[in-house]
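Shared between the two complexes below is chain A, which has chain B as its partner in the first and chain C in the second.
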Partner chain A sequence: MDLDLSAPHSLGTTIIGVTYDGGVVLGADSRTSTGMYVANRASDKITQLTDNVYICRSGSAADSQVISDYVRYFLHQHTIQLGQPSTVKVAANLVRLLSYQNKNMLQMGIIVGGWDKYEGGQIYSVPLGGTILKQPFAIGGSGSSYLYGFFDQAWKEGMSKDEAEKLVVKAVSLAIARDGASGGVVRTVTINADGVTKNFYSGDSLPLWHEELEPHNSLLDILSSSSPEPMST
Partner chain B sequence: MARLAADAPTKGGFSFDLCQRNEMLLKKGMHLPTFRKTGTTIVGLVFQDGVILGADTRATEGPIVADKNCEKIHYMAPNIYCCGAGTAADTEAVTDMVSSQLQLHRYATGRESRVVTALTLLKSHLFSYQGHVSAALVLGGVDITGPHLHTVYPHGSTDTLPFATMGSGSLAAMAVFESKFREGLTKEEGIKLVSEAICSGIFNDLGSGSNVDVCVITKGHTEYLRNHQLPNPRTYVSSRGYNFVKGHTEVLSTKITPLKSKVEVAEVDAMEE
Partner chain C sequence: MSSIGTGYDLSVTTFSPDGRVFQIEYAAKAVDNSGTVIGIKCKDGIVMGVEKLISSKMMLAGSNRRIHAVHRHSGMAVAGLAADGRQIVARAKSEATSYERVYGDPIPVKELADHVASYVHLCTLYWWLRPFGCGIILGGYDRDGPQLYTIEPSGISYRYFGAAIGKGRQAAKTEIEKLKLSEMTCREGIIEVAKIIYGVHDEAKDKAFELEMSWVCDESNRQHQKVPDDLLEEAKAAAKAALEEMDAD
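What follows is the complex of A and B.
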């Protein structure tokens, strides 16, 4: 029963970024834990950097929030100087520079996803340590351990938008089923030439996996209704 | 490109110079002085017209109750209040500091303060101290963009929620909220729910106790209900309270020093501006 409420806030997490034919889909769970206590069961781990670039945050909540604020600020300046929307590559590299140069003090894993007119939809992974990796899909956070095999089998090139989104939701819900530090709802953000679409999948809309039971209303609800007749012999 | 890292706080921030020396002293057997913590249950919720904040009133120094009726709901701006849990000195200092920064900002901009401004000032200060400023806050207010409720953690992360609890009694209070909260509560329902959550912390958490403070913030109007509920009245042996009759205390010695002879009363003109 050791609830360490003074432990730093960490995004236990499952985060995913997937490219499809025409854009990207980013997905994440919504659990923020402080030790063994769930500090926020409905957090939004997919943060906006610009109109066309979003990031998924994992690791220390404070570190990832502050770095995303800095990158948003630098990107905004860059957009003004450039005179047009910045590219996903620049956004990812800014994240990488801050992450690498402060590697001793930061503990966070970021997935950068977005769409620009030059390269289309792109996903960049910036894990602990500050490497940058351009990938067709990326997974991160504690829940990602359970998804490597799944993606090896399920991911394919040239998916449609709906296929990609279904894949992401299925993957996050599988990770939630097995990882204690992931849970809550599934949030997705789809970015393409037409703009940004945000979606929300609540816990009860997700499929049930092995040994998971149907939700039941609490039996205590019976008690709140009128009290039972006293028994008579 | 090295400039990018330098743009992170260059001045101020925590000085880690003495940490090694402190560790060495601890190994040698020196005990760190205990500081006063506000054991605490603090809560906030958003209702139909704004935000309601609540807090208990016990301040502890280790196992001892240092203050039975302290104020944990701090003023930030006329439309923004902040509950603080953690080290009492840290919560007081950080809320006072941000409150004055907000006032200067109001003078400079000529506008009412926004909750996100307070939030950003608090989170950047706490982040630069890497969690050593032990202040866990529930920040709530109503500004031109609407009602807002945020939680701020000692390491500098923040969450935006419709209902929130912090402090050692947060689990007890959260249980009440999770069971009874719904969107669009009226003011009376909101105050009742907040009081219930705080009472849950007061009675089930050892670090929280005494009375319930509530603060209701709506557009253009703030009501600070200090000691809204007093569920722990002092019980006296006799209902008349204590009565110390003359002669109960033994007088050991008496010394009378007439002061009039020591003070020189001089006639002077009255002070003028």
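What follows is the complex of A and C.
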């Protein structure tokens, strides 16, 4: 099958945002694909808007990057005028206005997550058409299809920061196992009253799930166990 | 009291040699000659009151409102030229709704005051516009609590816990300073505002007046509204009684 290298870069993706008691944890995989080719296997899909608000991007990489640039710019001006950090709700509303008003031209799903002093940690989902929905947790991207049942069972209200982070990493890892358009490493960003913490989980540090094989350098290592002599001409 | 700005007071774009813009000062006179408007910040909200001077006995009670709602959470009391005030209120309403449309949250009272002050100031910058001849007391309740601002014809805006503009402002300010506002609820504040307005009204110079009051507090669910009729009557009665007591001395 021919690789279509001029296909638009798409964030195949698994993105997740989860609230916990005191803040939010955002998580994502790191695969950016151009058709079947992995254009970037270590991308950072969690983008900063302000000191206290980050977003997870899915869908068209270009669209989500441009929109985050606009919103970052508007929020910066707003913060200066207000004299204090913007709230998460305002950031999410700006994202959804741009998303809704340009719905014919854009293809992206965004999860907005952050912390402010009025409402604490909040997650807002802004999917394809420009809806805005505040949720205790949100999942998005092609890999999220495999996580609905998982979250139904594993999610609970009022988790601790560590529980929330472990849940996010496990979920992204499960989605990577099943979704071809998700892969690479797992990045998380935790936002609370104390600030922002970013974490990185390399691909080989993630657990193996059902029918996943241990990585090998080469199959020849397994095959050559019966005939140790190298083949002669 | 006032100096004559001969020659330097013809246009709002002319400074006098001592750095004053006389047109703006004259605009402020329009405010000083109007009925008293006061506002106080109690511990759970804001109360505003207006001494609405009635020019004709044939006017319907409750008409010619001087206090206007700008948004669910805030209201403005206007002193000075009423028509100018209408314009400012319309602008404030439009600022508030467009802020909410873009940012998804009701406009913070501080932002609203800044926007209105900017607009008033704008009209002092061009020779083909005249300054607004009205002073505004803006009271609102947002997530940072109840706040009270005044906006003068010059475009300056200040935040207060007690403010008075108009004819009886000096006497009103003296009375307000005596109050312990941080311990007062709005229910109690209503009575005090009524007493002050009745107190500063000059029976000799002006004939009749109507007391108009509004509040925005925890009791009104943080919505700006007219003070309920029963409380208003209670306040009026208390104010009249206080006056009689003073006269009796």
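Everything that follows uses one rule, which is that the second predicted complex is superposed on the first by the 217 of 233 C-alpha atoms of A that agree within 3 Å, B and C clash if a C-alpha of one lies under 4 Å from a C-alpha of the other, contacts with A are read in each partner's own complex, and residues count from 1 in each chain.
The working rule: a contact is a pair of C-beta atoms (placed from the backbone, for glycine too) under 8 Å apart; a residue touches a chain by one contact, two chains touch by 3 or more.
Keep in mind that what you see is a predicted model, and the values were worked out from it rather than measured.
Visitor: Considering only the touch criterion stated at the top, classify A:Ser202 as touching first (chain B), second (chain C), both, or neither.
Guide: Neither partner.
Visitor: If we overlay the two complexes on their shared chain A, which of chain B and chain C does A:Thr131 touch? Say first, second, both or neither.
Guide: In the superposition, A:Thr131 contacts neither chain B nor chain C.
Visitor: Between chain C and chain B, which one touches more residues of chain A when both complexes sit on the common chain A?
Guide: Counting residues of chain A touched by each partner, the higher count goes to B.
Visitor: Check the residue A:Ser160 against both partner chains and state whether it touches chain B (first), chain C (second), both, or neither.
Guide: The answer is neither, since A:Ser160 touches no partner chain.
Visitor: Could you tell me if A:Ser145 is touching chain B, chain C, both of them or neither one (first, second, both, neither)?
Guide: neither
Visitor: For A:Asn102, select first, second, both or neither according to whether it touches chain B, chain C, the two together, or no partner.
Guide: first
Visitor: So in the superposed three-chain picture, is A:Ala92 touching just chain B, just chain C, both, or none of them (first/second/both/neither)?
Guide: second
Visitor: Taking the two structures together, which residues of chain A meet both chain B and chain C?
Guide: 94, 97
Visitor: Quick one: in the complex, what on chain B touches chain A?
Guide: Within the complex, chain B touches chain A at residues 1-2, 4-5, 7-8, 123-124, 126-127, 130-131, 134, 151, 153-159, 161, 168, 170-171.
Visitor: Under the touch definition given earlier, write down the residues of chain A that touch chain B in their complex.
Guide: Touch residues, chain A against chain B: 3, 5-6, 8-9, 32, 34, 37, 39-40, 42-43, 60-62, 65-66, 70, 74, 94, 97-98, 101-102, 105.
Visitor: Can you list the residues on chain A that touch chain C in the complex?
Guide: 78, 81-83, 87, 89-90, 92-94, 97, 118, 132
Visitor: Using the touch rule from the top, collect the residues of chain C that touch chain A in their complex.
Guide: Contacts found on chain C: 102-105, 108, 110-111, 114, 143.
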